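Please go over the structures that come below.
Consider the two complexes below, in which chain A is the common component and chain B and chain C are the respective partners.
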Partner chain A sequence: MKRNLLFLSKNLLKMALLLLCVSMVAFFLVSVSPINPLQANVGQTALGSMSPEQIQKLEEYWGVGQPPVERYLAWAGDVLRGDMGTSLIYRQSVASVIGQRLQNSLWLLVIAWALSGTIGFFLGAVAGANRGGIWDRLIKSYSLITASTPAFWLALLLLLFFSVWLKVLPIGLSVPIGMEASAVTLLDRVRHAILPALTLAITGVSSVALHTREKMIDVMESDYALFARARGDSNWRILRRHGLRNVLLPALTLQFASVGEIIGGSVLIEQVFSYPGLGQAAVAAGLGGDVPLLMGVTLVCAGLVFLGNLAANLLYGVVDPRMKGRESP
Partner chain B sequence: MKKRSRRKAALSLLILSLCLLLAVTLAGVLLRDAAMETDFARKNLPPSLRYPFGTDWMGRDLFVRTLCGLSMSIQIGIITASVSAVIAFLLGSAAALLGRGADAAVSWLIDLMMGIPHILLLILVSFACGKGFWGVVIGVTLSHWMSLSRVIRGEVLQLRESGYVQVAQKLGMGRGYILRRHMVPHLFPQFMVGLVLLFPHAILHEASVTFLGFGLSPEQPAIGVILSEGMKYLIMGQWWLAVFPGLALVLVVLLFDLVGSTLRKLLDPASIHE
Partner chain C sequence: MGRKRIAACLSFILCLALLAGCGGGTPAGAQTGAKDSVVVVMSPTSEPEAGFDPAYGWGAGEHVHEPLIQSTLTITTADLKIGYDLATSMEASPDGMTWTVTIRDDVRFTDGEPLTAQDVAFTYNTVKSASSVNDFTMLDRAEATDDTTVVFHMTRPYSIWPYTMAIVGIVPEHAYDEAYGQHPIGSGRYILKQWDKGQQVILTANPDYYGEAPMMKQVTILFMEEDAAFAAVKSGQADLSYTAPSYGDQQVEGFSLLSVATVDNRGLNLPAVPRSGDVGNDVTADPAIRQAINLGLNREEMIQNVLNGYGTPAYSVCDKMPWFNEDTVVPYDREKALFLLESAGWKAGSDGIRVKGGVRAAFTILYPTGDSLRQALAADTANQLKTLGIDASIEGVGWDVAYDRAQMDPMVWGWGAHTPMELYNIYHTMEDTGLAQFSPYANAQVDATMDKALRSADLETSYALWQKAQRDGDAGISADLPWVWLVNVEHLYWARDGLTVAEQKLHPHGHGWSIVNNVDRWSWK
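Moving on to the complex of A and B:
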């Protein structure tokens, strides 16, 4: 018990330190940017027609001209106190923008994550158990092709097929256009989330599938699988008794560790579907020079990724006693 | 005889793919002016024999634009994958050879870089560089060395413990000699395969970040630009604007994957019997 706690606190500490470093790196990157937020948002012509006092006021608003270290310390202090600043393009507090966006994104991410994990595991197991067979070859080609397909292009294709040709699913956004928030039903939301979630799930399958396939091949070639076969066990029985049990853990770990990829994919896909999620906010913040929002989104995304990694580490520690108290490999 | 012919077949496949990629790259460079050419007499044409990929709303030939975009992607891929692979090699061998401190530092750096989702890191770096060409190149370079550097680290660690390196050390051979005679011949193929397999990722990420509006500037006929512009016209039924350029990109990525895996098979000593 004590060792478990030690393991957990060590991991948590490492996570907090990494998060701190991520925030420094991200802040460094946004502060060396030559993009002038005034020009990006107000426009050159409008700037030309303004008086110096007006420009100075705007510069104050967008934080132009302050030294970066000072700004970082002020920002970090505020974040620790729970204040992430005010988003400059949405004119709301960053926390509330992120809160709204995260709500929209989170269930998209969770559905896609769970779907791609389950389907990928199943496909990988089937492929590994029938190595060299027709299913193996089909699944391998499928994984290779989806891994080589840009997520946003797949999103465009699905959009073209289901929304433009068949007209069965909406073209974008997370709720119907021009409808009052109270009138939006759960069905509307689901209909708008189907395509983005599907795209994310399709592209997320390949890495789990290929990984599971490798592990499954290892298991099927092991001595205990050979012994089971000699005993007269059927292929299915070996798969169920020896294969799945040994393969499930690495697959689950990999799936937790791949949270970052799903988030990365969602940035692109939300852009295609104009889905008002976290990824779209990141793109809007980057294009519009909204430094507080960009920093906030980066921090939240990094936090999600580290939580995924932590879950993967803990899972290993809990299920595999050899890993306890040891550094993760 | 059949066994030898399999390696030969792999070799010819490799050469064929490389020639194809080279042809696309050269064609794109030569057709650069044609890709910018607008002609409103031929706008919004669906695919035909004359314009295999159709034309867009400004009457630009989409086939030529796609070739040009692929060519740019491949060139950016060459720069970023090479630099990234060199970084991976240096950091990976440093982690393996320079003691525990260096190892911990490199693994910390990897954790840190992996903590920010790729696309977000690309957005940040591109933002830091003021968008444009260098933003993409630096971003893609900085975000792709991690997994290869882990592989190199593992390889070097394993090599250092291997019997022949230990024997060479005991025989009093210098570090340089061991590096040259034992390490490099073993690591070089790994490095080359790793480099080639970085290509697909680099190209996909370049296209993605350009698609989002952070990469190459909108006047350039890059695949990401073509697709993000074409997106606005999809609803009007101009499906060819999105389908063909994306398909061509997927084919190029698959081709690089093929080159990488064929190269790996050819360089693997165990496959000499195949």
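Moving on to the complex of A and C:
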């Protein structure tokens, strides 16, 4: 019990430190960015027909000319009291904007993450076990191609193929066009999530597959695998008994580390598919100079990535009981 | 083992097929027999993120438009003069310090409550205190003197107040709170039925509307990026969608390109004073240079090169507005431009670039980075100027420094508002510097005429004064030319064949809600 408590508090401290550093870096980047929030949100033309008094009012609202350190301290103080502030663009509390958006994004992310993990692991294992074979070459080239494909471009291709040519999937959004909210079924929502989730999964597969393949090759060339072969074990049996077990651990690490990549990828994908998730809000906040919202999104994403890594740490002990004594104090 | 492997592969393929298959079924068509609904695609920036609340800029801002859900006191007519919506009369006091407006008494909000002058006064006092996008510094307070009369007390004379009244939607005092913008109640042609944030807005016709009943019963507005919007058109899921000139040469079956005239202009500022400190430019300070540029730019050629032909030549910041002076139009005359330069003493040097008194006719044309249209206009202008013997280079700048740099160098700007205030702010001097705000220029006569226009008691008089500021005999803005205007960019839309889009008034700057200003009068053939 005491050990668990220690473990927990140590990790909470780590997370607090991480969030502090992330927020400081993010705030620094925002303050040196060349975006003029008045220009971005009110627009040059609208500013052109305003009186100087009005422009001054708007500058106050958007925090133009306020020293960044002062702004940061004010913001950080509010966050410590549990108030993430009010979004300047949406004019709602940052927490509620993020809440709405996260709901939409979360299941997109979870589907993509699960798909890319399982498919990637499966492909990597097959490729590694058949090194040099036709499957290996196919899987390897597939992974290399998708790894070097920009996600938004792939998204556009899928959009063109499935929505414009075949017309079997919707062109975007998370609900059908013009349909009343009460009439939207779960199936509708699933259909609208297929393309964005698929895009994320396809690009996410490659890194998991390639890493798993490398590790699998190591295992298959190890002494114990050689010994098993000499004993007359079949390839499949070696894979099952030695390969998969030894590959599982690094694959798990990779899978949870990829949470960050999936979130990053979703920012662009959501733009292409007009999907109203966290990524869309992040882009709006970034381009519009909405500092409180951007900081909120950054913190939430950093928190998710940290939790992903923490989950990997916890799962090590479950997957490999030998690590229990060493890993967690 | 081989058989097992094949089985595994087959089942994997089957899974993929199932995954794709569950998307099957009937494609969601926008047009399933319904002939009184329409699906319109706008850019994601058109979504009113802060809600449909006039206090937070709904209807106002960069792209002014009719608020649809709410009624306004006045409206802008097809020729952008002023007509009435709720108002039945309006009058300014001789000193311009009060406006008295009477309103109709038969209007109800969609929750059944009557709309009174108290609601109007409440609305204006609310937007004034929030003042988040639109400028209400000229308003002191609004006051309802009875159920149908509202009096606006001004802080300064403001003859073009009716243009502000045309974009402020009237909200109900009894149903207004912080969250009004999320579920607005108005008295306009449409009711907000649903807003899926970041995706779509669904409007349905107001059955109790006091005016002519809307012909389109349901209007769905989608917010999509340019590529996705085009995909929506190609897959037939939208009826009308914004697009860019670069898509103009595409063919989409069942759709045609709709081009809408605008006052969405692009122009160059030419600093009209010599360089001193961080202000002014020694080349463009010479009136001969500015006149030669205005005469010697072939705007038609620029429109072909840069806009694929979708534009009109621009000669002022307010072409075809009621306050526009047609005498500012100058035909392209290359010979005259060259003659002006020669007689002003700008002689070609050894490299073909003109020199006068040791000053080379060279400057930089700035454009905002990331704006490909303005970049292309800057490049085309630079190419044309080279043939006149003026050496212009181009440079992209961020908006954080653009305003300061433009005090010294010409920059490509975009304007086009439905109010003469734009003309005023571009050419009128500021108190502290004695120069105009965006580009150094000063003309006391122009200042005086525009001030008089703002003080005049009726609009017609003010139109004449705005026109006089632009051209008064041989004087005025268009004689001084502190700015040279290039093009008005036409707004392009894909429209489904069979959809009749009602006649549009000149669109302001930006691709936004203007297109649906009169969506209630659209129809299907």
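Just so it is clear, the second predicted complex is superposed on the first by the 301 of 329 C-alpha atoms of A that agree within 3 Å, B and C clash if a C-alpha of one lies under 4 Å from a C-alpha of the other, contacts with A are read in each partner's own complex, and residues count from 1 in each chain.
The criterion applied here is as follows: contacts are C-beta pairs under 8 Å (C-beta built on N, C-alpha and C of every residue); 3 or more make two chains touch, one makes a residue touch a chain.
Just so we're clear, the structure is a prediction, and the values are computed from it rather than from any experiment.
Engineer: Looking at the superposed three-chain arrangement on chain A, would you call chain B and chain C a clash or a fit?
Structural biologist: clash
Engineer: Which partner does A:Leu307 contact after superposing on A: first (chain B), second (chain C), both, neither?
Structural biologist: neither
Engineer: I want to verify the contact counts: of chain B and chain C, which reaches more residues of chain A?
Structural biologist: After superposition, C is the partner touching more of chain A.
Engineer: Could you look at A:Val164 and tell me whether it touches chain B, chain C, both or neither (first, second, both, neither)?
Structural biologist: After superposing on A, A:Val164 lies in contact with both chain B and chain C.
Engineer: Contacts for A:Ala114 in the overlay, against chain B (first) and chain C (second): which applies, first, second, both or neither?
Structural biologist: Neither chain B nor chain C is touched by A:Ala114.
Engineer: Go through the superposed model and pick first if A:Gln271 touches only chain B, second if only chain C, both, or neither.
Structural biologist: both
Engineer: Tell me which partner A:Ala151 touches in the superposition: chain B (first), chain C (second), both or neither.
Structural biologist: first
Engineer: Look at A:Arg191 in the shared chain and tell me whether it touches chain B only, chain C only, both, or neither; answer first, second, both or neither.
Structural biologist: Only chain C; A:Arg191 stays clear of chain B.
Engineer: Pick one for A:Ser234: touches chain B only (first), chain C only (second), both, or neither.
Structural biologist: Second partner only, chain C.
Engineer: Considering only touches as defined above, state whether A:Pro34 meets chain B (first), chain C (second), both or neither.
Structural biologist: Both partners, chain B and chain C.
Engineer: Overlap of the chain B and chain C footprints on chain A, residue-wise?
Structural biologist: 34-35, 156, 159-160, 164, 171, 271-272
Engineer: Quick one: in the complex, what on chain A touches chain B?
Structural biologist: My answer: residues 18-19, 21-22, 25-26, 28-30, 32-35, 144-145, 147-153, 156-157, 159-160, 164, 171, 260-261, 263-265, 267-268, 271-272, 279, 282-283, 286-287, 294, 297-298, 301-302, 305-306, 309.
Engineer: If you look only at chain C, which of its residues touch chain A in the complex?
Structural biologist: Residues of chain C touching chain A: 1, 4, 12, 19-20, 22-24, 27-28, 30, 37, 39, 44, 49-51, 56, 60-63, 131-138, 181, 193-194, 196-200, 202, 218, 220, 222-225, 227-228, 231-232, 234-238, 398-401, 413-417, 419, 421-422, 424-426, 430, 437-438, 508-510.
Engineer: Taking the touch rule as given, give the residues of chain A at its contact with chain C in the complex, in rising order.
Structural biologist: 34-36, 39-40, 42-46, 48-54, 57-58, 61, 89-91, 100-101, 104, 122, 156, 159-160, 162-164, 167-178, 180-181, 187, 190-191, 194, 198, 234-236, 271-277, 280-281, 284
Engineer: Considering the complex alone, what residue numbers of chain B touch chain A?
Structural biologist: That would be residues 108, 111-112, 114-120, 123-131, 200, 204, 207-208, 211-214, 227, 231, 234-235, 237, 239, 242-243, 246, 249-250, 253-254, 257 of chain B.
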